[in-house]
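Two complexes are shown next, each including subunit A; its partner changes from subunit B in the first to subunit C in the second.
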Partner chain A sequence: MSGGTRLENANPLIFERSGERLLTVADEDEDVADPIDDREIFDLIRSINDPEHPLSLEELNVVEQMRVNVNDEESTVSVEFTPTIPHCSMATLIGLSLKVKLLRSLPDRFKIDVHITPGTHASEDAVNKQLADKERVAAALENSQLLEVVNQCLSTRSM
Partner chain B sequence: MADNSVLLGLVEEFVSGQVDSKAAETATGVKTGQFTILQLVEALGLSLSSSQHQTRGRGVQLLSEVLQESYSSLSEREVEVLLAFYENRLKDHYVIIPHVLQGLKALTKCSVLPPGSAVSILKSIFQDIHVQSLMLAERSCVYNILISLMESKEEELKGLGADFIFGFVQSVDGERDPRNLLLAFQVARNIIQRGYDLGKFVEELFEVMSCYFPIDFSPPPSDPRGITREELVLSLRAVLTGTSQFAEFLLPLIIEKLDSDIQSAKVDSLQTLAACGLTYSHKELAEFLPGLWSSIRREVSQTASERVETAGLSALSALVSCLSRSVLTSDSEDVLQVFLSLVLKDCQHHLCEPDLKLVWPSAKLLQAAAGASYRASLIVSAAIIPSLLEQYNNRTQCAQRRTLLEVLQGFVQPTALSRPADGEDSVLVAFQQSLCGVVFSALTESSAGLQITGTRVLTALGQQPGLMSQPDVEKAVDHLTRLILEEDDPKVSLAVVECSGSLAHLHPKAFISRMIPRLKEEILSGQSDAAVRQRCVTVLASVSSLSSVVQESAPVLLQVLASAHTGSCGFSVEEVAAVCISLQKIAAHARDSEEIGRFFHDIIIPHLLGLCLQAALQSRDAGHSSPLTDEAVLSAVVPVMSTACAALQSESASRMAAQAVSLFLDGDVSFLPENAFPSKIQLLQIQSPALSQLVCLLMACVCSLPCSVEIPEIDRLLLQLEDLSCTCPHLFSYTCAAKCFAGLLNKRPAGEALDAVLERVMKRISVELENSSSVQRTRALTLLLWVSKALLLRYHPLSTALTDQLFALLSDPALGSQAADGFGVLMSDSQDVLNRGCHADVRIMYRQRFFAENSAKLVEGFNSAEQEKKSCYLKALSHIVSNLPRQVQLTELPALLPLLLEALACVDQAVQLSTLSCLQPVLLEPPEALRNQLEALFSRLLALTTSPAMKVRIASLQCVHALSRLPEHMILPFRARVLKALAVPLDDKKRLVRKEAVAARAEWFLLGSPGGR
Partner chain C sequence: MKGALELLQRVSAHADACCWYVAWNPAGTLLASCGGDRAIRIWGKEGDSWECKCVLADGHQRTVRKVAWSPCGKYLASASFDATTCIWKKTDDDFESLTVLEGHENEVKCVAWAPSGNLLATCSRDKSVWIWEVDEEDEYECVSVVNSHTQDVKHVVWHPTQELLASASYDNKVCIYKEEDDDWECRATLEGHESTVWSLAFDPEGRRLASCSDDRTVKIWKESTAGDGSTDESWKCVCTLSGFHGRTVYDVAWCRLTGALATACGDDGVRVFREDPTADSEQPVFFMSAHVPKAHGQDVNCVSWNPKEAGLLATCSDNGEFAIWKYSSDS
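Up next is the complex of A and B:
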């Protein structure tokens, strides 16, 4: 972020981070199988960095646990995300980061669906279509500049 | 004459023969007095005046090299003549100049420089030489000449006035080599700090220095000179910020550089600005304040980097404290007030939007400004606090109130600079009432976050005198008590415990009169549930740091133990153990306060001993089992007693020893309270486990006393302990007897008495080990282990014989595995005995020494052992290595790596786990030796990610994660393989394993990918 550039939304609303998932006795028990649940998926994506702000998607309320749906048995995941402003130009990038994070973190049996929360973005359909198109996602990741930005969103912050 | 011909020969060989070594010989000759400089010059005569410039050069070179060795022995007259010669030679051919400069450099180091010479040297240099067209080494020579002359002839140089500055500016202009820059910066710093008159060349000097700002330098990879960027940055900063004359040029430059896209440039600029704050006054700053402020504000509120933010905040703080130093005059306005109102205008309104992002950067900026001086904190607090308080009262959402309170917290805690001086009031005095009101309202909210922040603000308020009146303190204590009793969120209780601890240290009376009685009632009522009681017990421990509080709180805990014993309130074993842990925390304060130590000695320890004894007797006679006979509880009582005993002063310590020994040897119960015990109880004889296990309390009392305390009847005691440890059938009892025996041995002074005991016990152990019964052999092994440890810690010569016996037992079919685990005991710190807290004789680095002496035996034993016994050796090895300090692990790893890799492939899960846990930290900073073993390491680790044991899967994934931080070129070849292998644990049935797999796989994806690492 250079000194001169202006941010699209310089002073966004900040939301509280949820705490770490509490460990239960069942988690430590060798014999109990823990299914993949909504909270686990949410934990995967909540710490993704926003491309603009030094904040996580959770803090900007772009992702919420209630907008995550997973079905372990049928191997499907659906994630809705909400851009901070309806004209946010970063929406595609955020969606792509979510998609890539899930692709890297989930077993390949899962069908992953990432889309914008209905009615929260001006060009909702276009973005959803891009994110749903496997080939376009693959092509986007061939582009090294795009991959670089996505990787920056996905790297654990260290500065 | 003979000398003369020798000298001529040397000169001839050097000049015409081109034999460089002759210079050193000549120099030695001059130094030893064999020839004089005059003779040398005479001998050189022809070469110095030769028309061939190569010959002249050789001649001057010889003279210069000799001078470098012998400048200290020259007389003033000689120096004068030589200087005249050298100054003249500066006009000579360019091939000669390097040697001339070397000679001049040597001469300037002379202590007998004639007056006026400095000026003439500099004039000739500045006139005849264009420094920047010289080579690197010669430029360095010029700077060195300047530095030496500035050291010895400061007055003369100052007499040169601005000419000197001009000459320096001209010679340094365009310098590029970092080594020379360091010298040039040093000259410039001397000019500035020693008060040379810069005359009209201020701007020129600034220009020639500031062109390097901000420093962008990364040393070549294998840099032999070791110049770092940091070094250059700091020395340039010292020049630029050294004088306020540079202000008008530097400040615009900083504002300009803050616009840079490079992060290090921003940080450097901000740090330089902060350094200016120390030397400048408001006069220099005034004109640039608005520009500086808007740059700082922009950086702090937009940056994603913590370094930029910190640098920005400290720059602001430096500016404000600089303005605070300025003296007010009657006709001008207060510059501090003016600047702060600018800051307030830009930041204050953001504090009214507690949901939005900018609230935090604005709050931090205001806090940095307020923290810069007392006066600044007065101004900022007066403006901010009322509006924060009002906001807090008007908002109803918990999240908003919490943010406001957190912001408020930052203003409540004064910094070192803004602390009120003696006689000044805290800046918050005016808001005392309303601050307390807000805090109390936060403590009554239902939101955990708000309560936690409330306790933090309360802690900060309580620590500043005059901010809490007596009724306020009492009210606060009531709130804390209520929270402890009612709130079951562990984070809230932790915050309350911390807050109570710090307040109780300052206001003990309120806690004694209001909190402790209430808690006591609650714990002993028998109606509250275990979690509430647990919280009460924890907070009791945390408030007890002063003797007056301890005298109230410790008896409560003792009473809990007593009622647990009678079984009246239904305390569980875990609860009783937790009470003991709290008692131990209180006992730890005995180190700082003799009074607390005495209280434990007089009251607590006898009561504890009495209770345990009573419980043991009842369980023997009536079969009634009180929690106090439980091993877990006794193990928790031990640290209470040993912590208290370790802190006893010599007199009470001796009394303690005598009482404990007579109780255990002779059944003397006279010092115990409520004397209702049968006389002549024999505690160290074999009997019911309930009684024999009390030996752990003997250990707690006698093994933790200072070395100087004499233990009465020690020989009889040792003999009985030895018997008990070899014959008692009860595991806990014979282990404690062995530990107690070892603890006493460790402190026994060397001599015949000790040797006799050792000889006896070693024989006994050998005999017992010959037995066929496995119980007897296990007991003997336990005793062997603890005696070895006692001797090993104090470097006793016999320890080797004992540990060798342990090594031999590794191949024993029945005891091998136990012996291997014994190495864990040997190398780790024991909690209850034989540690430094117990005043044991522990030599430094005994682990390293043991490892150095024995690793070879272990490797040898491993190689010669049969296949099925190898795992014992690996287990022993992993115990030893994982207890070594990291530095040693790193140096030893190359030799051990093959063995550790073997251990990873071993089927024993415990071995796998301990090897993984000792590998993981090593992998964070991998040694060279790892490089060749990566293939083997990866295949073993990846295989373990699907191990049946969950802990092994987790640990191996953590290792794979750690490996992703190795240099890219080493691990990139493994990337595809690792990613493929890690796809499997992504679908693991345990969530904890999946979590590690996700973390590791994410890092491996970033490796070698753009924007990754």
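Up next is the complex of A and C:
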């Protein structure tokens, strides 16, 4: 999508992926309902592709498990994401991809909040406000070109 | 004045999509709903239950965000994310598309008919408010485009008796418009909300305006005129209802028959507020009379009082449902 133009962040720092989740006895027990926890949400979002680089959001440290907060009982999820540079123009698109992934994966009862890690982006208030406005998000996703770009970020590659 | 909200019926109106808005016709006999499935549905009562009377499916290419009935009840206007506003004319048992109003650059967020029936207002993410005139031959003409907001305009509402319009915006402000020399202009800007203002409602006499916001409050505004009779119009916030709503308040409705104030909230709840009759009218006091915490399984987008039957309330939600409630209080 950025075609032949220069990448904004040509040499990003790459982080190591965390390993697979270790299953406990309770996890394997069919009779016990598993509450949705931080790790489960993180597993949903870690492999989302960055729009510019052939890397995942986890590898770029845009998302980290410690910045995910789930409260299954209250049906709330909060995800903080850190753009790689403070003037990243892809911040809204990354936020939208995170939001869409969670909207498509979680039960309808969940209230999903996606925002920028405070202090890490020049326009964080403006970006956060757009991401929090469900009418704006719904209208944006009716734009087929934008939806295509989001779907590309969400398309799975080999893990 | 403790009250209660009793659920009468729940209807799955828009399958696999959000139900964004519901509106009663002026006679209170029909309910129009619209949603993310791009359709408008008209519901009427058959015996004890609400049934779908007709479906208006081909009017829009994208989400239908709001619908509004004309004061005479013969026309329906629909505002869509496809940047158009469609005007429908009611025939015996159906609706036909009369005309499509174009002009906004992007999503139309709201459409409202003036009480006279001759004027229509629309607003959009393009930050503008358009005023349209209707003549006797059902011809629509845009007479004013007003750009007073700096962001997405979410809602427009007409005063119940005067030719006065109010708009609510993503820029956290409310604007009041009046006609001056054949042109509509912004006469007052109401500041105070700390985030997007989603909806507005005038009280039955049109003396006060209620606004609801993403800042989780509802504000009541009153026009204060200078004592010397000058036309300096300023609206002051005379009451703020805070601490009641857990998330964004998406809609507010002021009942013409009882004066009760209902709200639709992103915490899935529906609330009804009543005014304390002993309080000073310059400093009104509202208290919460009824609250249904999980009125729907998802966000409540709209709340609408039936114009003829006191206490009858319709609400709708992101889960595609609408619900009919009976509000009663022991006052």
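Everything below uses one rule, namely that the second predicted complex is superposed on the first by the 153 of 159 C-alpha atoms of A that agree within 3 Å, B and C clash if a C-alpha of one lies under 4 Å from a C-alpha of the other, contacts with A are read in each partner's own complex, and residues count from 1 in each chain.
In the analysis below, contacts are C-beta pairs under 8 Å (C-beta built on N, C-alpha and C of every residue); 3 or more make two chains touch, one makes a residue touch a chain.
Please read these numbers as outputs of a predicted model, since none were measured by experiment.
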When the two structures are laid over each other on subunit A, do subunit B and subunit C clash or fit? fit
Contacts of A:54 with subunit B and subunit C, given as first, second, both or neither: first
So in the superposed three-chain picture, is A:108 touching just subunit B, just subunit C, both, or none of them (first/second/both/neither)? both
For the overlay on chain A, what angle lies at subunit A between subunit B and subunit C, C-alpha centres, nearest 10°? 130
Based on the superposed arrangement, let me know which partner A:138 touches: subunit B (first), subunit C (second), both, or neither? second
In the superposed arrangement, which partner chain does A:90 touch: subunit B (first), subunit C (second), both, or neither? neither
Comparing subunit C with subunit B, which touches more residues belonging to subunit A? B
Check the residue A:154 against both partner chains and state whether it touches subunit B (first), subunit C (second), both, or neither. first
Quick check on the superposed pair: does A:63 touch subunit B, subunit C, both, or neither? Answer first, second, both or neither. neither
Looking at A:129, would you say it contacts subunit B, subunit C, both, or neither? Reply first, second, both or neither. second
Minimum C-alpha distance between subunit B and subunit C after superposition, to be given in whole Å. 7
Subunit B and subunit C footprints on subunit A, overlapping residues: 108-109
Subunit B-facing residues of subunit A, complex: 1-4, 7, 10-14, 16, 27-28, 30, 33-34, 36, 40, 43-44, 53-55, 101, 104-109, 144-145, 147-152, 154-155, 157, 159
Please name which positions on subunit A make contact with subunit C in the complex. 108-109, 111, 129, 132-136, 138-139, 142
Contact footprint of subunit A on subunit B as seen in their complex: 258-261, 266, 295, 298-299, 302-307, 350, 353, 355-359, 399, 449, 949-950, 983, 986-987, 989-992, 994-995, 998, 1001-1002, 1005-1006, 1009-1013
The answer for subunit C against subunit A in the complex is residues 18, 36, 62-63, 65, 81, 106-107, 109, 125, 152, 154, 170, 195-196, 214, 247, 266-267, 297-299, 318-319
